[in-house]
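Dropping a structure here in structure tokens format, bear with me for questions.
Chain naming follows the written order as A, B, C, D and E, and within any one chain the residues start at number 1.
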């Protein structure tokens, strides 16, 4: 058959009655990927996700670069969720180095992680809205995302690609007026969520599009191994912050929302509830940080090594200067596995070191990479117009899946 | 002679007549300026997301930056657009899609390369799966940054507008049929080799 | 004699209606509708929308720029299309879209609108408005593109669903006034016995049917970009696409004029005089303003709703809009029987 | 469940099938032969490990082997969700072939395709074994193996000559 | 205090009344914003954002502070920072020309991560708080040593006035003129 000869890239024999449609890569409903859909009338009988359009070889490149350089590199998988994606990598390095960040650095990481989580969910909402033809949701979500992007910018100096954590700490301290700003943003967002509910989540048209669409049962979710809000919408109580609390998540008071319906509407509601929880975490983190002013954000032994100029800069601007040793850092040999909960779900890093200046192997499995399987096993049986609804509801982000 | 008799009906050579009309309208009547002006306020980017700068591309059209104020409306199909923003890395798989999309768009068309990855690979400069977008399509304006902030994208649109008006890119396309000021790009067969082996 | 004939032809009012009001007016209307749609959506979405070309006009010149750009852009004719159908259908769409205008009187005087005395003007206008969707199906078929074909198939599904509703709902006023003459229907609604108030069911059904037939939100299904890109128009570029897009907006406006006349009382609170100003310009303007408000409401819905799935829209048409239209028709008959109008 | 408890449980359940069971820093690894990977996987699934988190391959050119590791965990049994269990197989580098575990864990399907294209490991019995991310030309070059070298630029390289 | 699971379920919906109510709610929100859009759009060329001092924008080099350690080039994740060897003549000892190396930057690759600024032991590099500069040719983007010591010209400054954004409790981001 031709299909095997061409490695299945394009040509495959299609049965006579089926109508083959290529959704993507230049298609408003696909993002950076292609879904090869075979239709019988209006009903999808087969969907084959053809991903890899944004495969940027992160795993290979991190093998040839020094230990600190993969932080900005890996961040580019999901620049909209940059802190969540780098913290587990840094955790893995810290496990290998037997180093742990001071609590203030941990809190700062959690703060930025939650800001990113809200921004990431809002991004998801925006894309979801535009997939359902609801352009206002797109604009509102992106407009309100700017509030959190602005917060992140004030905290780290960059809108999206923060490169914030470094092994042992973070790169900058919080500005003085940050807590008040964060609190205002939190209060604002709480009010806006109510309006989101009215115009989008409870909008009869949207409810009709989402209810009972793309149902993933509890057992099916476990079988397919999908992650994140999608799995929590199917009644599985799994969240890395619950299973293996990293950073300071075990000191914070928050809930993991779980729904049991498993359809697209439940997945949407999980995100709404998660935004609420993230907002509460932001408030708690900011309160803690205000109570513990002046604590170090890098380990004491590192601080002692800093020259005078570096200390001056740190005290004046809160910016931690790196040492030239960071460029040629060596990490003891070993294997470490670290996981974290991104906005879209669980991310896993498997880092192996042979004691050199570069990692021996970095394996990263992102949430979207694990969610891609949904297209193959959940989409068939739905109508063509359900495809964007399912795509948006699982919040799939191709650059993250392709790495 | 431009005119010849066909069955006693005098018919002008249609190509010559068209060229003369074009010269009259664009040259004498300054219609070219109108066309250039119209094109600058009607740059509709095609919906082609090549990579993660798409996040900032989306933010550029968000309420805070709202690039629709320049008349740029992201549109779905390449046939109705005249403008591509290359959002970041172009992988070898995507390069073919980029080229096909570019060729599907009607002239006059413009390209902005956004982000370090779209210029010289950025972080991925030595990756095995990356192509430089300027080898695939001719680029008008380059935006540095990773990702460039939305203001930079807006600045690029404004810069492109200035370039179109100054060099009369849109009306010259009508007169000449193609643009001369662009660097050559790879032939389509090279870009899409993997597609049709 | 010859000169007189020519003069008569030039001054023949229906020609003027179709030419001036039809082409120029409709073009202007389409541009205003597009501009309003973009600006209104932008307002609800907390942004500015088109702005820079002419800040004082609220960016209206950007729409003009779009039009000029489309007209001067290259027209691509793919090798796979059916060339004649591909090139001619967009033109036919525009012509057929504007045709109903010739049968819609905007003033009661035969002097200015020769169709004013025509007995069956509403029927003819309605019949003509149902033509363009058929051509949309041809558009998709001629493009020979998978998305176009799906889009035109969807269009044909939607036609079968809404056509009946539209005709039934818009004929309800005819039933209650016992006439197919638009002028008579309008005069019967003087001064504020508007059928939208007396018969809200038929009005709602007509509004829904118009939304569906002009594929406005929440029923923008044939062009639903996230599955079928631009639907039947996917392969069209340059001026051909502009014709299609303009045609869609003009069609919406013509439906709005019909609704304004038969449901919103046309020039109703105003009694037209006889001279050109009071008898022609003012009534026409009142109708156009009312129609514009209808179009604007339709455009505003884009900002609030997403789109229904195809089967849900058909379901809504058959199970919600059709009973509504029938109820409205029944109500009209009761109105007529009770002599309420 | 603590890793140590899991270790006991595994030793008890797997018996002689596992070559080696180790625990280090909260990460439990089971090393098995290529022949016994399917029975072990079935045993693990019976225990409650219901999904694969990651299929990782690592190339060791010096030892001439490729180690494929399935990181498995559980969604349905909450006590098993806390540790991550690695199920490793050593394969010869010149002809890496192993049984596919998609029959046991459907969730490994896409990641096995990834390992196939990056390392050239062939999974017998995989329903749809073809490259996932790469174009065919690159997939043949086994890009994540150590002998595919990616060069980094030095700090003097690439500067236009006129700048010197 | 560890996280806890809270099991929720979707609201049962249905009924004509519920449908009409939610339709009206959605329309009401739309009308509310149609009347009062609460917008804070940046009218870009007329206004530009003045970022805070910590913003990681274009990088400027202060030659006098440089000690030629090349740490910046070594830490650069995208190999955008390169070292050029320059023969310098010290005015005090004109007879002994020295070989020195200085960094130059390639904005074709720079990702604005700020590692070079942070690692510089003498603070010879700093960020300008803006990034909205574009180029029309690739060659211009590889800065020479001279260009690297100057702040890139920011066209928005000559075309508009600065604004700052503030977080507000009622309206999200608000724009304030300076």
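The rule is simple: contacts are C-beta pairs under 8 Å (C-beta built on N, C-alpha and C of every residue); 3 or more make two chains touch, one makes a residue touch a chain.
Keep in mind that this is a model prediction, so the values were computed, not measured.
Trainee: I need the common contact partners of chain B and chain D, sorted by label.
Mentor: A, E
Trainee: If you take the chains that touch chain C and keep only those that also touch chain D, what is left?
Mentor: Touches both chain C and chain D: A, B, E.
Trainee: Taking each chain's centre as the mean of its C-alpha atoms, which one ends up farthest from the centre of chain C?
Mentor: For chain C, the chain whose C-alpha mean is farthest off is D.
Trainee: Please state whether D-E or B-C has more C-beta contact pairs across its interface.
Mentor: Looking at D-E and B-C side by side, B-C shows more C-beta contacts.
Trainee: Looking at mean CA positions, which chain is nearest the middle of everything shown?
Mentor: A
Trainee: If you average the CA atoms of chain A and of chain C, how many Å lie between those two points?
Mentor: One centre to the other, that is 46 Å.
Trainee: Quick one: chain B and chain E, Cα centre-to-centre, how many Å?
Mentor: Distance between chain centres, rounded to whole Å: 26 Å.
Trainee: For chain A and chain E, let me know how many angstrom lie between their CA-based centres, rounded off.
Mentor: Inter-chain centre distance comes to 21 Å.
Trainee: Where the CA atoms of chain C average out and where those of chain E average out, how many Å apart are those spots?
Mentor: Those two chain centres are 48 Å apart.
Trainee: Residues of chain B that touch two or more other chains: which are they?
Mentor: 62-64, 66, 69, 76, 93, 123, 125-129, 146, 149, 194, 197, in rising order.
Trainee: Can you list the chain A residues in contact with two or more other chains?
Mentor: Counting only residues that touch two or more other chains, chain A contributes 6, 9, 27-28, 52, 55, 57, 60-61, 64-65, 72-73, 136, 139-140, 143, 146, 161, 199, 203, 237.
Trainee: For chain D, give me the residues that contact two or more of the other chains.
Mentor: Expected reply: 134-136, 143, 148, 150-153.
Trainee: Please give all chain pairs that are in touch with each other.
Mentor: A-B, A-C, A-D, A-E, B-C, B-D, B-E, C-E, D-E
Trainee: Can you tell me which positions in chain A touch chain B when the two form their complex?
Mentor: The touching residues are 6, 9-10, 25-28, 31-32, 52-57, 60-61, 64, 72-73, 76-80, 123, 126-127, 139-140, 142-143, 145-146, 149, 159-161, 399.
Trainee: How about chain B: which of its residues touch chain D in the complex?
Mentor: Checking each residue of chain B against chain D gives 92-93, 125-129, 193-194, 197.
Trainee: Provide the residue numbers of chain E that touch chain A in the complex, in ascending order.
Mentor: Residue positions touching the partner: 1-10, 13, 19, 22-23, 25-26, 28-30, 51-56, 69, 71, 74-75, 77-78, 111-115, 118-123, 127, 165-173.
Trainee: Which of the residues in chain B end up touching chain E in this complex?
Mentor: 63-66, 69, 116, 119-123, 125-126, 134, 140-146, 148-149, 151-152, 154-156, 158-159, 163
Trainee: Could you please specify the touching residues of chain E with respect to chain D in the complex?
Mentor: 70, 73-74, 76, 79, 81-86, 104, 106, 142, 144-145
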